[in-house]
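I have a structure here, written as structure tokens, and I will follow up with some questions on it.
Chain IDs A, B, C, D, E and F follow the sequence of writing; residue 1 opens each chain.
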Amino acid sequence: MWIFEKKLEYPVRVGGPNPRLAKVIITQYGGPDGELAASLRYLTQRYTMPLPQAKAVLTDIGTEELAHMEIVATLVYNLIKDAPLEEIKRAGLDGYYADHDRALYFVNAAGAPWTATYIQSKGDPVTDLHENMAAEQKARSTYEYLIQLSDDPDVSDTLKFLREREIVHFQRFGETLNLVHEYLDRKKYY
Amino acid sequence: MWIFEKKLEYPVRVGGPNPRLAKVIITQYGGPDGELAASLRYLTQRYTMPLPQAKAVLTDIGTEELAHMEIVATLVYNLIKDAPLEEIKRAGLDGYYADHDRALYFVNAAGAPWTATYIQSKGDPVTDLHENMAAEQKARSTYEYLIQLSDDPDVSDTLKFLREREIVHFQRFGETLNLVHEYLDRKKYY
Amino acid sequence: MWIFEKKLEYPVRVGGPNPRLAKVIITQYGGPDGELAASLRYLTQRYTMPLPQAKAVLTDIGTEELAHMEIVATLVYNLIKDAPLEEIKRAGLDGYYADHDRALYFVNAAGAPWTATYIQSKGDPVTDLHENMAAEQKARSTYEYLIQLSDDPDVSDTLKFLREREIVHFQRFGETLNLVHEYLDRKKYY
Amino acid sequence: MWIFEKKLEYPVRVGGPNPRLAKVIITQYGGPDGELAASLRYLTQRYTMPLPQAKAVLTDIGTEELAHMEIVATLVYNLIKDAPLEEIKRAGLDGYYADHDRALYFVNAAGAPWTATYIQSKGDPVTDLHENMAAEQKARSTYEYLIQLSDDPDVSDTLKFLREREIVHFQRFGETLNLVHEYLDRKKYY
Amino acid sequence: MWIFEKKLEYPVRVGGPNPRLAKVIITQYGGPDGELAASLRYLTQRYTMPLPQAKAVLTDIGTEELAHMEIVATLVYNLIKDAPLEEIKRAGLDGYYADHDRALYFVNAAGAPWTATYIQSKGDPVTDLHENMAAEQKARSTYEYLIQLSDDPDVSDTLKFLREREIVHFQRFGETLNLVHEYLDRKKYY
Amino acid sequence: MWIFEKKLEYPVRVGGPNPRLAKVIITQYGGPDGELAASLRYLTQRYTMPLPQAKAVLTDIGTEELAHMEIVATLVYNLIKDAPLEEIKRAGLDGYYADHDRALYFVNAAGAPWTATYIQSKGDPVTDLHENMAAEQKARSTYEYLIQLSDDPDVSDTLKFLREREIVHFQRFGETLNLVHEYLDRKKYY
């Protein structure tokens, strides 16, 4: 189970209302390679990992991605909560507004709702860890594109922090894959 | 952010492998009215709640539903992890097995993947609380049907606990709705 | 069965071509909380209602929502049928145009196609009526956001009529819920 | 707008509870080539038809398909409403039961929820009428497969009636296509 | 099996970067009536065609649609590969960019991902050929709308070629339908 | 463009009608980690690869996956084409039969239609190659589960061939990733 702590893993500051930027960043909330996808992928795969260390890494990173989901939510919300309706229209966010006002919802930047088909969980630890390394690369790429699209240095700072964490996760999944390979090789000898 | 505590909110015990039962219970993991849907719905709505108490209730229940998701995952996993392949076939779970082995994945009992279109977040606190009261009723009904389908008393015990929690949540959302109505009425006087 | 009567439940008038407005209003045609969703939800739930009055209310409102679907269709069509292509482009409706010309199709304001996962039907009358009360609140909220987005007083007039009807439906579902509760309580005494 | 008349277009009789049969027939309620798909397809296309007769045919058939949707709903409901839970399990309908009890919901025979991507509406009358002729052929084929699967003569009788209607609709769409071709040819002369 | 030949079926030339145009043309890559849908529809239906000529036509056209998919991919890619980020933003393609950079992905013009529910395969050759004739009409209409939206004569030239091919395919499916009807009639005599 | 050659890449032989086996194998046709997903993923990513060798590998493997799609289609079709209706029912394939007769359609083993959200294309070559290595691992795992489920040695033989090819592809994507890393490192020096 999880305990909520009223604290963000990393501070969120925005330069001002910016619905245009919110519209693209939301993809890391509810898009194909976003934080929800990451968190659910790892938390659901941990049951079939053959090593306690592997289970722990998945639980650990899966839990951290929940915190990142909260960071992205806070970013997006802060970018739209005080935006005047006219600015929301100009940003092309009026379609979103019609269905969700200034609330948060799990969509990608084109408005397609999140679906579990974005993620996979195969039971095979080697396969799942490759899936996760790919997931971290995809998340890293997305943060890079968002940083290029960002015109708010405060937002970019948070996006850079999130991008760095994906690189760290990629490394940890790589190390876990080595552990699992060693374990599976060893198993064959007995 | 969330801290993981290596402990289930409620103990999970199963009478033995039972893929047939797993196949239906999984709907409370990745189905329309399951724990994932509940948790994400509340955690995403809390940003637009106008009262600190309302935000707190959503965070609180949303976090508890994460723990329920973990309970359901443990239930389903325990019901399939030692099931022989022949039993998996007889239970009609071979289609699931082909794609996921004995791992967990977010589908309903018919195998349809989870989608964010199951939930809503409208920005209007009265609307969102009605959405949540309906969600709790839908979850309660599903647990009732699962209890009827269950032939394992240990599993039924856990399902009953989960059903009770939905009723408690329904009450709390009802009380929160009253608070919000009061607040909105008061606002009109000034 | 239904008999078509060549008459709108409420007159539709528009100030002129306005694809920008059409693009958001279409969500009440094919979006998550729109008239199609409402109508299908009620018409499909009526089979499992335990009281003739409850069945009648669902049939009645489900049929009225079909009429509302027609009103929204007429609104959207009148807003785009004479719009020059350049205006359609400026409104960001060129993507829609590529697939549907100026015809009607069941999408939300972001272009996501309608899906039955927006609605639910649980067999439990208390649950279904809560689902419906929530649905009416969601529809009401959407009409409010659309009225805020509207720059055409004639269109706003129709939207206000539709919003009012949702409030009336909410009341009727509330009363039906009371009847059902009474009936279920009474059943327990015998 | 539509007026509901409390009468089925064709009588529905079933030989007894038969959840196995219900499980496949439901595809004509909420499946790709079912009555919902047909009705919505025609009712949404009528706005862009260039001839009053074409609009009338679409409205007419679209309204009749609503009546067929009601017939199929009644069939499915009568086949499951009194089925004991054990029979529902044996029929592999327990997954459906977990989410919907014995209520009706818009899915195909494999449990995939209805989606608007099953239908199209292109604005071009020649194209739309071809789409509709194909739709009627697909519905006819489905009824043939269902008749082959049926082991209840009463149910087969209703399925045969519905199949015949699809053939009639196919003819009417063919005649309407001729009218539209004539009209478009004539338009070119002036 | 297929052999790749490094050659486009028809030359692709573009007047310059034009993300706005790319955004709509992509629907013929991954949209409801696009080349992927066409190719997969025919290649999957060929197994149940009763005549060698019919199988051959489906294989033939299904393979040509793969070539068209490649043409559309090249068109879209050439229109975005050198587009500056600012132009991508102005074209409203920044949402797409956040998830895919300047790479190709299977979406319609509104960003909805491709789904197999766009196509059908019914086992009945008469039905499938009607489905295909409708598909060709839908593709033809889409190319017409794209030509209207195009402001690049080189692109329009390629779109016109593709439109013409759809008309040819429509004819060939019509002829194949006649062959199949003849064959089915003949079968009845023996 | 592609040239069709009337020859399977690997012979397909089946021991007899076996709809139960067909029902699970179909996931490698239209499921999340199947041949369609693989082929489309590689063929769409090749445009943004920075090296001619990388483009060639993607084209090459993407084209081979088309041939595998054809092998899987032939397998599935041969397993159902002569199966009596009673056997189809016993195999739980009657739901599929109601919608598709004995024809082929793109679904996973639970009947969920194929969706492009199964695949990704990010524009970043390192990311895309990791995505592809994960895809090959997922396909390999699926073939292993299918081999475990298979009770037909002829079918198992073909499944083993396909599994081996996924391992070869995994290696080739790994080598291509090295080439791309070298290239990107070199680029930084100039």
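To be clear about the criterion, contacts are C-beta pairs under 8 Å (C-beta built on N, C-alpha and C of every residue); 3 or more make two chains touch, one makes a residue touch a chain.
What you are looking at is a predicted structure, and each value in this text was computed from that prediction instead of being measured.
For chain D, the chain whose average C-alpha position is most distant is A. Ranked by how far their CA centres sit from the centre of chain F, the chains are topped by C.
At the interface between chain A and chain C, two copies of one sequence, fewer than half of the residue numbers in use appear on both sides, so the contact is built from largely different positions. Our note on geometry: chain A versus chain D, Cα centroid distance of 42 Å, whole angstroms. Computed centre separation for the pair chain E/chain F is 21 angstrom, with centres defined by C-alpha atoms.
The distance from the centre of chain C to the centre of chain E, with each centre set as the mean of the Cα atoms, comes to 34 Å. For chain F, residues touching at least two other chains, in rising order: 32-33, 92, 99, 101, 107, 110-113, 115, 117, 120, 122-124, 141-142.
Taken as a graph of touching chains, this assembly fits none of the simple shapes: it is neither a line, a ring, a star nor a complete graph. Applying the touch criterion to all chain pairs gives A-B, A-C, A-E, A-F, B-C, B-D, B-F, C-D, C-E, D-E, D-F, E-F. Of all residues in chain A, only 20, 23-25, 27, 31-33, 92, 108-112, 141-142, 145-146, 148-149 touch chain E in the complex they form. On chain E, the positions that touch chain D within their shared complex are 32-33, 112, 115, 117-118, 120, 122-124, 126-127, 130-131, 133-134, 137-138, 140-142, 144-145. Of all residues in chain A, only 1-5, 7-9, 30, 36, 40, 44-45, 47-48, 59-60, 63, 66-67, 70, 73-74, 77, 81, 99-107, 113-117, 119-124, 128 touch chain B in the complex they form.
Put simply, chain A touches chain C in their complex at residues 85, 89, 92, 94-99, 101, 107, 110-113.
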